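The following pair of complexes shares a single chain, chain A, combined with chain B in the former and chain C in the latter.
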Partner chain A sequence: MKVAIIGSGIVGLSSAYFLSNSAEVVVFERRYPLYGASGRNTGGITTMLGNKELIDLAKRSMKIYDDVQGEVNFNFLFRKDGYLKVAKNDIDMEKLEKEYYLQRSAGLKVREIDPFEIKNMIPGFNPKSVAGGFYGEGGVIFPWPVIWGYEKGCKARGAEIKPQTEVSEIVVENGEVKGLKANGEFFKADFIVNAAGAWSNEISRLAGVSLNNVVIKEEICVLESLKPFINPYILNVSNGVYLSQSARGEVVGGIVGKETNELNTSSSLDFLIRYAKGAVEMVPSLKGLSVLRQWAGVYDCSRDGMPVIGETEVKGFIQANGLGKHGMSIGPAVGELISEMILKGKSLNNFSPNRFQS
Partner chain B sequence: MVKDRKIVCRCEDLTEDEIIHAIEEGYDDIESLKRYTGATTGFCQGKGCLMHVLRILAQKTGKSVDEIGITTQRPPVNPVPLYILMEGERE
Partner chain C sequence: MRLEDHPIVKFKRGKEVTIYFNGKPVKAYEGETVASALYAAGIRTFSRSFRFHRPRGFFCAIGKCSSCLMEVDGIPNIRVCKVYVRDGMRIKTQNSFPNADSDLLGFLDSIIDRFYPHGSHYKKFNRPRILREFVTKQIRGFAGAGDPPKKVFEGNASYEKIETDLAVIGGGPAGMSAAIFAARAGAKVILMDENPFLGGQLVKQTHRFFGSGRHRAGTRGIRIAEILADEIKELKNIDVRYETKVFGIYNGVVGAVERDKKLLEILPKKIVVATGAYERTLVFENNDLPGVYGAGGVQTLMNVFGIKPGNVGLIVGSGNVGLILTYQLMQAGIKVAAIVEAMPRIGGYFVHAAKVRRLGVPIYTGYTIQRAIGKKKVEAAEIVKLDEKWCAVKGTEKRIDCDFICIAIGLSPTHELLYQAGCKMRFIPELGGLVPLRNRYGETTVEGVYVAGDVAGIEEATAAMMEGRIAGIDAAIKIGYGGDEALKVREEVVRDLKEFREGPFGERIVSGLKKVSIEELQEAEA
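Moving on to the complex of A and B:
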């Protein structure tokens, strides 16, 4: 069996990793691994998501990360010091509380946390900056070694990864995929997996399948390195400001992105100003630190917030996209699902691309 | 020996041997080499080390400096403290 995977981000590589023991796998990457969102995010990992299906994928992914880094002998620098969602007002606290009951019923270890307890957890945190928060499982992973480790593992299992190889055509005959053309060459495939992240809409169009995911642009910056003092990953759900400290001590953070029509990754001063205000409000002691570097990334989100995973009306053309901002948290388990769909014929209605057709 | 340690990148404390090792591991284009070693991502953002890294990469791969290219240059040009940025007008 031949499987062509388009995109070498976390979803594409995780799919390749699980499939390559039983199938002939080629991964097509238009630029280089790390070019897309899997190489541009801040590595926030959480199981504190909004519904049971996503929570199950996130729980499974944490386990897969542990297994894979041992199997491929590559340290993902996964620091599990927890994930903190804070809110500035009562309305947002109520939303978090609703999520909390759902998360508890899904078996997660989550609890409400008092602003003063957050201050004990993070020296320098301003308890007056938030109305409250919830604290649960998760932490910070370093996305680069994750991708390198998966690349190494995929290659060891016989998969081929082709960087700088742009897919220009998907060949469909009688409603069934036959293969694809990339860099002018034809590759035969029984299955084609669209794991192209923000570029998934374009790839889907090549197969004649409508997708219509929303593209989000998000900006991030890095501050100077400090001795570790921020252990959990913090997300302020009221203004979208998030930050954490990397394994190298750098304070890395951003602001949850907005819908965009252009796939550009330009940086803005406006972002730095808003981030400086939001970050210093929560942790005033950061104000003397300098921004060393800023960048932006693009990712895709489905129209109902659930990932798009499954076979389309074109036989053999499989969507594996629309993960939104949870790509690193659920990507490994999405890859496992894709392999089970292809190898065992498993299907899941909640994620099916067909749910948007009416 | 201490005198054999040629420091290439002061911010991230990288030696020439470590850069060569990374190239031999297969991180042999400038963007991958940057991410794998951390060179050009410290306080100087490459102002002190990029040319040294380019020279080593050119010597090891036989490519010209022009062929290798340079890493994407990201703002700001010099580090800017948050307390200054905070004073900016929003939108």
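Moving on to the complex of A and C:
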């Protein structure tokens, strides 16, 4: 069986990793692994998501991360120091509370946390900046070794990864995929997996399948390196500001992105100003530190916030996209689902792309 | 170690103050940077390197390297070569225990590569999971430079939005000239520099310039800086912002921080990038040992702050910078043991070389530095002869006793802002590195963004000034200022610059410029 995967982000590579023991897999990457959202995010990992299906995917992904690091002998520098969701006002606290009950019923160890307790956890945190928060399982992973490790694992299992290879055509005959054309060459394929992240809509169009994911642009910056003092990953749900401290000691953070029409990764001064305000409000001791780098990334999100996973009306053309901002948290398990679907014919009603067709 | 008498420069020292270095009082003078005051007090180890914990000292003196990061008044990772002393200031070395001079982790240097080579944090101790998670936690404790801030930074942050005609980034010879010529034509200009003074690297050029009278030949660099600064003071439509660091150009909007506390959002019609250059270093054993300096760093120390870099120096590189530095050192009463030049002949002008020779400094051509010798600071250097294939000839090693080594092997353009702004760049060895494509007036491929001076290609101050004038006046013309007179002046300077480069020393530059000229590239395409 021949499987062509478009996109070498976390979803594409995880799919390739699980498939390549039993199928002939080629991963097509328009630029290079790490170019897309999987190489541009801040590595926040959590199971504290908004519904049962997503939570299950995230729980399964935590387990896969543990296994894969051992299997491929590569450290993703996954630090499980917890995930903090904080809110600035009562309305947002209520929303978090609703999520909290759901997360508890899904078996997660989540607890409400008092702002003063957060201050004990993070020296320099301003307890007056938030109304409250919830603390649960998760932490920070370094996205680059995740991708490098998966690449290493895929290659060891016989998959081929083709960087700088743009797919220009998907060949469909009688409602069935036959293969694709990339860099002017034809590749035969029984299945084509669309794991192109922010570029998924375009890839889908090549197969004549409509996909209406929202493209979101998000900006991030890195402050200078310091000895560790911020252990958990903090997300302020009221203004979208999040931050953590990397394995190198750099304070990495950003603001949850907004819908965009253009697929560009230019960064802005406006972001720096807003982020500085939001970050310093939460952790005033960050004031006066230098910004080392800033950048932007683009990712896609489905219209209902759930990933789009499954076969389309074109036989053999499979969507594996629309993961939104949870790509790193649920990507490994999405890859596993894709492989089970292709290898075992398992169907996935909850995530089916057909749910958007009226 | 402070110079008192100097034949050319008169050092005006400010009020005496006391700063505390790792708790010990150090005498300093207002107007000195923390780095230079510590240097004058004989302190050589400024920090320790991230992984190997090797001693790091004073190096570039202009905020371009990261050798001098220290904790200042509780705020970590401060480049102390860019911070001026204040009475009672508390300076602490970081990333070391108990301090940078006697760091207990210094032993890592000799052993870490044996048991934990580079990349080990990904590849080692991955199985079983418990071991991996334990090691990952431990690694984190070693990472990080500097302790988390002990107190909240006191700067009162403010914000200013500025609408103007022209934003000039960099107050060296090119930037000052651009500002003057644009302002003369009538444009409203904001001129920004990261230093508390204008002049850029001219402020340490105590020698006289060459060329024709029109190019200010015979005038010392320091004097040229004063002349330009005086003219800027006269021009009321130039708004000078000192200690202002520009960090980005976002779609024509310039972001900058003034005096570490005010954010500037500048909306100019045109931008001139004149950010200059930084020093190149050379690969040899122990090239990070305190006492190995960039030539410009030594000039800053000696000619700007009046501090002796050491007693005996070795100069690597016999270009004009190396030769001029040699006699500047000797003017200040410092011995120069030798000049080492890898090429078979001397790189700089004959007059400079002759002057150095008269003073009795040996110049070893066909030699290079093989290693710096010393434990925590330079005690000597080993030089070696090179064969025609640039390989060291065994048995020709020579030990040269010295307590500092100056690397004077050239400069690289400070190109980052241009790259970030989206200018098309090209690597041109003749111009010193990565430089932007530009048209005959210095405008890059990003409309409205001009380039002038060393950042456009390493040359020297005279050409930088002319490039600045051209960029400044062209920007003004494009905005709608100046009329026919400005057009005339612009073409005159273009002609002047062309003339200036028509000599044997201009050949290399001219051939480099051909490769980045938008007009020439378009012609080649057509």
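To be clear about the criterion, the second predicted complex is superposed on the first by the 358 of 358 C-alpha atoms of A that agree within 3 Å, B and C clash if a C-alpha of one lies under 4 Å from a C-alpha of the other, contacts with A are read in each partner's own complex, and residues count from 1 in each chain.
Here is the rule we go by: a contact is a pair of C-beta atoms (placed from the backbone, for glycine too) under 8 Å apart; a residue touches a chain by one contact, two chains touch by 3 or more.
On a predicted model such as this, the values are computed, not experimentally measured, just so you know.
Enquirer: Quick check on the superposed pair: does A:Leu77 touch chain B, chain C, both, or neither? Answer first, second, both or neither.
Expert: second
Enquirer: Based on the superposed arrangement, let me know which partner A:Glu224 touches: chain B (first), chain C (second), both, or neither?
Expert: So A:Glu224 meets both chain B and chain C here.
Enquirer: Would you sort A:Gly208 into first (chain B), second (chain C), both or neither based on which partner it touches?
Expert: A:Gly208: touches no partner chain.
Enquirer: If you stack the two complexes on chain A, which partner ends up touching A:Gly175: first (chain B), second (chain C), both, or neither?
Expert: After superposing on A, A:Gly175 lies clear of both chain B and chain C.
Enquirer: Between chain B and chain C, pick out the one touching the greater number of residues of chain A.
Expert: For chain A, the partner with the higher number of touched residues is C.
Enquirer: Give one of first, second, both or neither to describe whether A:Gly124 is in contact with chain B, with chain C, with both, or with none.
Expert: Second partner only.
Enquirer: After lining up the shared chain so the two structures overlap, which partner does A:Gly107 touch, if you call chain B first and chain C second: first, second, both or neither?
Expert: neither
Enquirer: Mind working out whether A:Tyr32 is in touch with chain B, chain C, both or neither, as first, second, both or neither?
Expert: It touches chain B, and chain C stays clear.
Enquirer: Output check: A:Gly158 vs chain B and chain C. Expected answer is one of first, second, both, neither. What do you get?
Expert: neither
Enquirer: I'd like to check the shared interface: which positions of chain A are touched by both chain B and chain C across the two complexes?
Expert: 148, 224-225, 248, 267, 269, 272-273, 286-291, 294
Enquirer: Looking at the complex, which residues from chain C come into contact with chain A?
Expert: Against chain A, chain C makes touches at 75-77, 121-129, 132-133, 135-137, 139-141, 143-149, 151-153, 155, 157, 159, 247-248, 250-251, 253, 255, 260, 263, 265.
Enquirer: Give the list of chain A residues in touch with chain B in this complex.
Expert: Interface residues on the chain A side: 32, 34, 39, 144, 148, 222-225, 248, 267, 269-270, 272-277, 279-280, 286-295.
Enquirer: Going by the contact rule at the top, pick out the chain A residues touching chain C in the complex.
Expert: Spelled out, the residues of chain A in touch with chain C are 66, 69-70, 73-75, 77-80, 123-124, 145, 148-149, 224-229, 247-249, 266-269, 272-273, 284-291, 294.
Enquirer: Give every residue of chain B touching chain A within the complex, in rising order.
Expert: Spelled out, the residues of chain B in touch with chain A are 29, 31-32, 35-36, 38, 41-43, 45, 74-76, 79-83, 85-86, 88-91.
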